[in-house]
Amino acid sequence: MPATKRAEAQTHRHVHRSGKDNIARRLSRIEGQVRGLNKMVEEDRYCVDILTQIAAVRSALDAVALQLLRGHAHGCVQDAIRSGHGDPAIDELLAVVEKFAR
Amino acid sequence: MPATKRAEAQTHRHVHRSGKDNIARRLSRIEGQVRGLNKMVEEDRYCVDILTQIAAVRSALDAVALQLLRGHAHGCVQDAIRSGHGDPAIDELLAVVEKFAR
Amino acid sequence: MPATKRAEAQTHRHVHRSGKDNIARRLSRIEGQVRGLNKMVEEDRYCVDILTQIAAVRSALDAVALQLLRGHAHGCVQDAIRSGHGDPAIDELLAVVEKFAR
Amino acid sequence: MPATKRAEAQTHRHVHRSGKDNIARRLSRIEGQVRGLNKMVEEDRYCVDILTQIAAVRSALDAVALQLLRGHAHGCVQDAIRSGHGDPAIDELLAVVEKFAR
């Protein structure tokens, strides 16, 4: 997205209030899970248990990403399309989707 | 893995000292990155920037998982095979791999 | 997407002519690669070589999916948003993205 | 895996007879599904339906890969470990796993 478009997109709220609290809560929980992983390593816990827990953290992160993606598509991307510059917004959306599909 | 096999596997060190420090360091960095994500949400940063950063955290977690997996396969799994009960250790390894291949 | 919306969306061409030929060509190549996999199994080739080739087929399929996704987002989804029923089109897009991010 | 080790590994059967038939049958079905995808494109079917079908083919391929991986780990890798050269076999296994975890 060119800098001007981007600045423009940044003038409105990206994450709606209620969704924002929910996402902040989920990220705090994920932060605690990562701290827990470090403790598991410190206590020399069984590798497979640590790996299983890493997979859980990864799923939790993916769920947050999906919620953000949903808000972004219904919000910013839809607004951009309505105001006639949808193509760069769609390309940007797909570029970020690709980062997760790898 | 049955409980007895598991207890047995747990008698030796799972994560070698040097690898352990390295993994602990990486997990601390990831914990900081997740805290940074929460700050980005709080500051109402652009969704796509948050999503890009979530993808980076996910890659960092995957790299830690791969390092643990490598240590586990060369250590515990190889030991299990040598002492004649490799099959459950291999099944357990593949089950955890499957969690990441999704 | 509700059936009426879907019927409506299906009145216009989904895959543009040039893109269509390109996608057909890529799918034909993938079909040949899968046939090649079967031959590798028949000839009792080394498992790791077969697995490496399966990973290549998977990447080729993902690339086709991404191209279709791109065309769909810039075409159908953008049209739906412009004509005022963007939300179901966006939900449908994200549902299909989720199938690949797993 | 060094060439000599590889040649050695290639002296025994990689895919057991029964598993081989099963895998060949699954790959034939996947080949048919890819041919079906091409037909969907030709008939100008709705992109989202094509994408959903591509995701199904991808899952079917992953299931075949997992079955091969399982046979390889219990067979070749276990044999390699027992005959004292497990480390390169494990590295090779993890390298192929990594291709799928992306």
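Order of writing sets the chain letters: A, B, C and D. Residues in each chain are counted from 1.
Methods note: a contact is a pair of C-beta atoms (placed from the backbone, for glycine too) under 8 Å apart; a residue touches a chain by one contact, two chains touch by 3 or more.
Values in this document were obtained by computation on a predicted structure and should not be read as measured data.
S.K.: Once the Cα atoms of chain A and chain B are superposed, what angle does the rotation have, between 0 and 180 degrees and to the nearest 5?
M.R.: 180
S.K.: How would you label the chain B and chain D contact, same or different, if same means the shared numbers make up over half of all numbers there?
M.R.: At the contact between chain B and chain D, which are copies of one sequence, the residues are largely the same (over half shared).
S.K.: Need the CA-centroid distance for the pair chain A / chain B, whole Å please.
M.R.: 21
S.K.: Measure off the straight-line distance from the CA centroid of chain A to the CA centroid of chain D, and report it in whole Å.
M.R.: From the centre of chain A to the centre of chain D is 31 Å.
S.K.: List the centre-to-centre spacing of chain B and chain D in whole Å, with centres computed as mean CA coordinates.
M.R.: So the centre of chain B lies 24 Å away from the centre of chain D.
S.K.: Which residue numbers or ranges of chain C touch two or more of the other chains?
M.R.: 62, 69, 93, 100
S.K.: Sort out for me which residues of chain B touch chain A in the complex.
M.R.: Residues 1, 6, 9-10, 13-15, 20, 23-24, 27-28, 30-31, 34-35, 37-38, 41-42, 44-48, 50-52, 54-55, 57-58, 61-62, 64-65, 68-69, 71-72, 75-76, 92-93, 96, 99-100.
S.K.: List the residues on chain B that touch chain D in their complex, please.
M.R.: Where chain B meets chain D, its residues are 62, 66, 69-70, 73-74, 77-78, 81-82, 86-87, 90, 93-94, 97-98, 100-101.
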